[in-house]
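Comments concern the structure below.
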Amino acid sequence: MCRWLAYSGTPVLLENMLYRPQHSLIDQSLHARMGVETTNGDGFGVGWYRTAEDSPAIVREIGPAWSNRNLREIAGHVRSHLFFAHIRASTGSAVQQTNCHPFRHGRWMWMHNGAIAEFSRVRRDLVLAVDPDLFLHIEGSTDSEVMFYLALTFGLEDDPPGAVARMAGLVEGVGREHGVEHPLQMTVAVTDGRSLWTFRYSSQRASRSLFYSTRVETLRSLHPDIDFLREASDDTRLVVSEPLGDLPGVWNEVPESTYGVVRPEGDEMVPFEPVAP
Amino acid sequence: MCRWLAYSGTPVLLENMLYRPQHSLIDQSLHARMGVETTNGDGFGVGWYRTAEDSPAIVREIGPAWSNRNLREIAGHVRSHLFFAHIRASTGSAVQQTNCHPFRHGRWMWMHNGAIAEFSRVRRDLVLAVDPDLFLHIEGSTDSEVMFYLALTFGLEDDPPGAVARMAGLVEGVGREHGVEHPLQMTVAVTDGRSLWTFRYSSQRASRSLFYSTRVETLRSLHPDIDFLREASDDTRLVVSEPLGDLPGVWNEVPESTYGVVRPEGDEMVPFEPVAP
Amino acid sequence: MCRWLAYSGTPVLLENMLYRPQHSLIDQSLHARMGVETTNGDGFGVGWYRTAEDSPAIVREIGPAWSNRNLREIAGHVRSHLFFAHIRASTGSAVQQTNCHPFRHGRWMWMHNGAIAEFSRVRRDLVLAVDPDLFLHIEGSTDSEVMFYLALTFGLEDDPPGAVARMAGLVEGVGREHGVEHPLQMTVAVTDGRSLWTFRYSSQRASRSLFYSTRVETLRSLHPDIDFLREASDDTRLVVSEPLGDLPGVWNEVPESTYGVVRPEGDEMVPFEPVAP
Amino acid sequence: MCRWLAYSGTPVLLENMLYRPQHSLIDQSLHARMGVETTNGDGFGVGWYRTAEDSPAIVREIGPAWSNRNLREIAGHVRSHLFFAHIRASTGSAVQQTNCHPFRHGRWMWMHNGAIAEFSRVRRDLVLAVDPDLFLHIEGSTDSEVMFYLALTFGLEDDPPGAVARMAGLVEGVGREHGVEHPLQMTVAVTDGRSLWTFRYSSQRASRSLFYSTRVETLRSLHPDIDFLREASDDTRLVVSEPLGDLPGVWNEVPESTYGVVRPEGDEMVPFEPVAP
């Protein structure tokens, strides 16, 4: 599977979140603790917004993150208020740039950990459900990219939670038609550069791990010695596949079958349930 | 576009055909003379049969052929009776291994120079025509790979010329439904490890260049000083996008709208016409 | 050989200089007009300063620039007041990241077009002249990197023109000891993030091409319709291996055996002569 | 550190040794048991002889072995009587092809697991001891390649054990001059295509693991059900960083400070001691 990190808040150099924490995402590329695989070396990607008005930049590579010098350079010199990072452990599909996360469509970014079960059997039916005008933008061969284009087909740009629920409903429906018992396993992050939605769900209600950081004002009182927290705005949040360290009080598990929204006007956590599209 | 070379005959080290000729395929990767582009630096591939019974080995890379050390090593140490080599100039689709030629399915290899016009508009309809059991083997995003899987869908393994004619007929039909004036441009090589079929065709009857080598017994009398010709079997043939040198009497243009077969029981050249599938 | 571009002035998105001009550096990677080779596909690099106080970021890759999606992304989202870009045509040394330009040492960046003649014969003597504490930072196998470390050895950080003159003097001296007639061919750019020095020199006084852009206030009156010029500060300059377009009055050849300085307190052009170190 | 495998004996497809064993070298690239690191994902290489008269072919890549499709293809279609395979875990030097093992000089191949302690401090002195005519062939930045060129300098082609002893003596001498307590840690394999020498040594007499396979005639009686053993010649041997499986009686540890020779005229195991060059 994979590991990912989504950051929203006070603009920071990417390296502050990608390299500096004790159990950083880069460290997880070699030594993940909670993943199905400890090594996530089949490509990586970062996506960041320069301004809230721009499309995001997406840099993706097929080698391991831990030894990639360009990622180190970018992380040390690019500052952003909202960015995604993803490290990949392929479960069989080709190790190629177009299979690396995050995926982008216009202003939107998407990344995923998990899998559509028996994807090769259901792939054709799922791809056929993608809007023909969107279909031509599919470049890779992953389940994750198809999930993104299904969500776009089902209205992601207007109603992210609804579109993801319809995507999940379709995946479960098609899977079950093909006799798949547990069709979907996912943690997903999606953003338009302003708000961040994260989802934790799986058909068997045993989803991959997902954590979000405690509110900054609480963290400040818990850890008055951490410089970054003094500068961080109150709405700064991290959502991650696994905690970036062992500091007490920082990391909270996203409940099973739940999605969260992080946005300037306030955060929210809501139960998530697939619906038939 | 691209350049390719197909060899069938006396087993030779690949380098004899890929590196040694004056205007070799590797030279063409930097300095093609007859292509739409002079540079073919967006990936390459070689495929070879170790024995006539095996599936072929396929080695593909995304960098330019001219500087690839591994290709040089393989070419200098692998000997084969039937091999393909291809250098790619992308017309937009991603530079990734799964978009490099040759493509393989079981014992079969396929490579292509040319394009399906306005592929992004017709891609969905073409992909839908691929047999669902074959669909799941499509890994890349090129027109060339879809052409291969269409030909397989239409019986390539039983009747290569017929299957390619039906593939071409479908591509032209779908293209014209979408208002494309000249839907198909192709030179194609396909083999099962024993026979080699090559096709030259385009909807506007102005196809990319394709050449085949003169019969070895004729070449021997023309060029008695060339060592290789003394050892080469009579059925040895090269089919290439453009001649590998300027030696008189060696290279013959494949006529427009024609296919050829190279096989132990004798070669043949036949008019080619698409048919509705 | 290679092609390069150095920009200093009003902060701009890199793509404005790398992709947008008619005969941009990316276009030159496929179609250089004035180089020894028309194709510069053996790797590339960009280096930029985020602030005048930082070390530069350096992103280098071994594939061709023309098809590199990450370069496109970075160029479209990174803004800088001083940046270098380089496209490489290897003359034999390995195509690897550590052989791509620009090279960095602390706050300093260096890039080069040209060659030390018969480098393999003189390499050992040149490398021995590098300060032992600097020697351990040499990572690649190019003449260009050795030239940089020699210049650092000879005081680049205090007196760039003097240090480059001593480096050139050493290269010519060692070359002549080995019977090399014309030991050095170079255009070089070097910067500390504040000032930019560029050099055009060759032992036979027939140096690779080098051009600098006309003063912005002159350009504004010549081309009142170009938006960028209205925003560009008066001290904005480009120095390039070959002009980025055919606009009259924009490009001026750097004279043979000359170096230039671009810096906030005023530009300067000075004759250049190697000196024995 | 790294893991490696050396095979000498009955010609086999490389995949029989690289992919098929239960704890194969490819498996070790993700899950090494006895290495300092469990992941060896910083490049790999294979080198093989087509005939005993040829120079070996060397194919090296910078990504992980576990996901490399070209390695899988080559291993499935290339047959050799003597081959090396190596997977790399970089301890800091660049991940680039010229740093991947095996290294080649003429007919000779070399690979290494271990390190020269504090290599950056002693590198210059060691490189200076390389014969100037050999120096120009050094392409990468690893300690392993310098060890190879030192051994060549000290007569590897005439007396491999003596040359390796002098190389080790020099490394220890230079290291101690620089105040390094334990200068050398190595398991090394070297071959000329006919004989295979393997060394296990470290300055502190606590060397990385190294194992050799039991004589084929003994294995045949232990495991009469294994097909390969029926066809394998009596002189077939594997030497590996760690056992390829748990089959009883197959793997024997090379003793500390020992070298072995595998060759047609009989194998031998001899104590190894560095000597001053």
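Each chain gets a letter, A, B, C and D, in the order it is written, and its residues are counted from 1.
We adopt the following convention: contacts are C-beta pairs under 8 Å (C-beta built on N, C-alpha and C of every residue); 3 or more make two chains touch, one makes a residue touch a chain.
Bear in mind the structure is a predicted one, so any value in this text is a computation, not a measurement.
Any chain touching subunit A that also touches subunit D appears here: B, C. In this structure subunit C contacts its sequence twin subunit D using mostly the same residue numbers, the overlap exceeding half.
Rotating subunit B by 180 degrees superposes its CA atoms on those of subunit D, with the angle stated to the nearest 5. Spacing of subunit A relative to subunit C, judged by their CA centroids, is 39 angstrom.
For subunit B, the set of residues touching two or more other chains reads 69, 94, 97.
Against subunit D, the residues of subunit B that register as touching in their complex are 48, 50, 54, 56-61, 69-70, 73-74, 76-79, 97.
Interface residues of subunit B facing subunit A in the complex, by the touch rule stated above, are 93-94, 96-98, 120-121, 123-124, 127-128, 132, 135-136, 138-141. Interface of subunit A with subunit D (complex): residues 30, 38-39, 41-42, 62-64, 66-67, 69, 90, 94-95.
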